[in-house]
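Listed below are the structures to be examined.
Okay, so chain A shows up in both of these, paired with chain B first and chain C after.
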Partner chain A sequence: MSPVVILETVRRHVTHIGYLTFLALLVLAAFATSVFDRPAAAWPGLLVLLAFVTGCGVVGPEFSSGTLQLILVKPVNRAVYLVSRVTGVVLVVWLAGIVAALCELAGRALWGDSGLQARAIGTALLNCATDTILTVSFLALLGSLTRAYFNIGIYLVGLIGLGLSSVVFAFIRQTDNAVGRFLKAHTGIERGLMVIDRNLYPDLPVPPRFDTGWTLMVLSNAAIALLLACLAFRRREVPYGAD
Partner chain B sequence: MSVRVRALRKAFGAHEVLRGIDLDIAPGEVVGLIGPNGAGKTTLMSCLLGFLRPNAGEIAIAGRPNDDLDVRRRTGFVPERMNFDRGATGWNFLRYMARLAEVKDADAKSRAMLERIGLAGAADKRLSQYSRGMLQRIGMSQALIHEPDYLFLDEPTSGLDPNGVLLVRDLIAEQKARGAAVLLNSHQLAEIEKVCDRVLFLHRGVIERAETLRQVDRIVVAITMLPGFDVQHIPNAQLRDNVLIATVESEQDIARLVKELVDGGAGIVDVRKHTTDLESIFRGAA
Partner chain C sequence: MVRTSQRYVPIALFILAALLLGARVLHQTTKSDAPAKSSLVRWHTPKEGLRLAAATGRPLLFDFTADWCGPCHMLDGEVFQDPAIARAINERFIPVRVVDRQREEGSNPPEVAELQRTYNVRGFPTVVFAASAGAERQRMEGFRGRAEFERIMERAR
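For the complex of A and B:
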């Protein structure tokens, strides 16, 4: 990994007004929900959103803007660059997560009446941190295959499409037409889509708990996504300008 | 040779943009690349820099593939348009580029480079506040900060004011004097004439013509004379529209040649060191 790229990625984000605004929102949410009985009630969801927003720009937009060409003539291996960018973005999200968790703990210490719940908050932070690796790696993979912000589109279509698929399939199964009969006879299709959904867009364990199986699944999927992203990025042509 | 390209071909689908390019650039040589829009200049540059993968052919820089990290360590590139995180300041940008290029003492060198290109006063301004000319200057500086041996410049004077153009000209001359091999892609023929040793005319994906503008050991001189003088007795010379074009080895030779002509009764109107007229090449070949 390249410390130079990681540091620059972190610097670029933490000095961005959008990131600072989001961080302020996280702090507010963490303090506001620290009076709830349930620990980590709001900020993990916001952190997932932050991972998505920051992960979108890992590499896709750099293809289109021409930024990447300046980097790729420097003595940095493409795969190293990509992994370093992913690491930088993940660190930025983790930093926001740590701030949010500390704010909730501070709030609970100051005015909470359901205990500090440090263990649950720590577990929620750990789960968010794990999920962030997958989200950013998956977006980096999509970014390595597309231009500009198309990775967002693909990610969202997958997220919404797979999320709705079980409802749509259940509805179609009720019908007596050929498709309905086909789906009734081939339940593996629906199960397969649910497995894909669970693997690419895993839900955070609620209430916060450490689940070894979930953690290993998320981390292994992230590793596969990152490996595929590196392979795609190494082969990717990066045209610039026009003749 | 620093840069060696053989039988390079590149196609986008069925459209073949480069159709067998051969190119050599020696250390300390500045080679200009000219041609009409769509000739394949940017594609050639992109292949040389490893942004595009050729369909066929060979690219070697110092005998190594162009994606070799050691080659990249010694390569500089100025894009036609500088695109980078516009929120970064000039200082942040240049220091990042210097660190990526593994420049030792990147901070001090970045500071010195900003001074050199006249942007020290704008170091803390964001790139979004930079004018086109300022972006070109900082683009040039990021390419030179690690003193590259192979320099690829795509329209480096585009958007620059006359002072900026002179600065770029000086910087290219410095790189040449250092022994860097330079490929300059430009539409500005006057600039090419001023800084390049050789020029390649790219047309429809092939190098249609190559002209030597300057040679270390030879000078081309153009002497305009009154009509009616025969020059057949002068070696390495030809007469075109009362202009005698002769190749000599030194400036003393020019003086000797002029004296010989005057002694022979020629009426001399003008004497100047001659470079190939790129505009006429461009007009003739395009």
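For the complex of A and C:
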């Protein structure tokens, strides 16, 4: 990996006003929810959002802005560049997660009345950190295949489409028409969609707990996404100048 | 030298992905062979539970749940895995877990479908407290926290 690319990615993010604003929001949410009985009630959700927002700019926008060509003339392998970019973004999200977890712990120590719950908060942080790797890797894969911010569109269509499909299919299944009967007879369709949904957009374990199966699923999917992203990125033609 | 070693990044990623996939498959295989995660509440199947309630006269606690249901896992983790609550449930009730398989298998076993109809289960989780003969006493729909569960359980005694 390239330390220069990683450090530059981290520097670019942590000095960005958007990131700092989001970090302030995370800190507020962590302190505000430290009085709740349930640990890590709000910030893991925000961290998932941060992973999405930061992950969508890994490579796609650089194709369109023309900056990618300037970077790739340097003696750095494309795969190394991509993995380093992903690592930098993941580190930035982890940093925000650590700040949020520490703020919740501080809040609980100062004014909470349901104990420190450090173990649960630590587990929530670990799960968020794992989930971040998949989110950013998946967005890097989509970014390697598309230009600009099309990766966000594809990611969101998948997320919303798969989420809605289970509700719509469940509703149709209750009806007694031909489609409903077809779905009842072919349960593999719904099961398949559920498996895809669970693999690409995994929900964080609630309440926070360490689940080996979940962790292995997320990490293996992230590794596959990153591998495919590297292969796609290596073969991509980099346009000269901006679109 | 550096550039040559950089070429091996995709290969390293491939090995990592293969190892993680292997570990995932291995975990999945060993998990299905291992006994289910131990629960503090001694759950019975619907058939067993109804038979035991008729024999002992103890009231029933039905937990209508589904594998895909997130709030059901929260109820399990925060309420049924609480040693004090689990002890109270085991002492006072015949706990029966009714797992919905509609989404996974397209239909439910007859006894599950029958219980869902009898207690008009509209969503998960639904916890129904019933007399040994089956008459409903109290119910909790959705996950409303440990304190609320304890309050409803006290009312159902």
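Quick note on the criterion: the second predicted complex is superposed on the first by the 235 of 243 C-alpha atoms of A that agree within 3 Å, B and C clash if a C-alpha of one lies under 4 Å from a C-alpha of the other, contacts with A are read in each partner's own complex, and residues count from 1 in each chain.
Note that in this section a residue touches a chain if its C-beta (ideal position, glycine included) is under 8 Å from a C-beta of that chain, and two chains touch if they have at least 3 such contacts.
What you see is a predicted model, and the numbers here were worked out from it, not measured in a lab.
With the two structures aligned on chain A, chain B fits next to chain C without clashing.
In the overlay built on the shared chain, the residue A:Val5 is in contact with chain B alone; chain C does not reach it. Counting the residues of chain A touched by each of chain B and chain C gives the higher count for C.
In the superposition on chain A, A:Leu20 makes contact with neither chain B nor chain C.
In the superposed pair of complexes, A:Glu237 makes contact with chain B only, with no contact to chain C. By the touch criterion defined above, A:Val195 reaches neither chain B nor chain C.
When the shared chain is aligned, chain B comes close enough to touch A:Thr67, but chain C does not. By the touch criterion defined above, A:Val157 lies against neither chain B nor chain C after alignment on the C-alpha atoms of chain A.
Rounded in steps of 10, the angle chain B-chain A-chain C defined by Cα centres in the superposition reads 160°. Using the contact criterion defined above for the overlaid structures, shared-chain residue A:Asn77 touches chain B and also reaches chain C. Least inter-chain distance for chain B and chain C in the combined superposition, rounded to the nearest angstrom, is 5, based on C-alpha atoms.
On chain A, the patch touched by chain B and the patch touched by chain C overlap at residues 75-77. Listed in rising order, the residues of chain A touching chain C in the complex are 1, 37-38, 75-77, 79-80, 83, 166, 170, 173, 183-185, 187, 190-191, 194, 203, 205-207, 209, 212-213, 216-217, 219-220, 223-224, 226-227, 230-231, 234. Interface residues of chain C facing chain A in the complex, by the touch rule stated above, are 2-3, 6-7, 9-10, 13-14, 16-17, 20-21, 23-24, 27-28, 31, 68, 70, 73-74, 77-78, 102-107, 145-146. Listed in rising order, the residues of chain A touching chain B in the complex are 2, 4-5, 8, 11-12, 15-16, 65-67, 69-77, 237-243.
For chain B in complex with chain A, the touching residues are 17, 37-43, 46, 49-53, 69-70, 72-73, 75-77, 79-85, 87-88, 92, 96-97, 99-102, 142, 152, 154.
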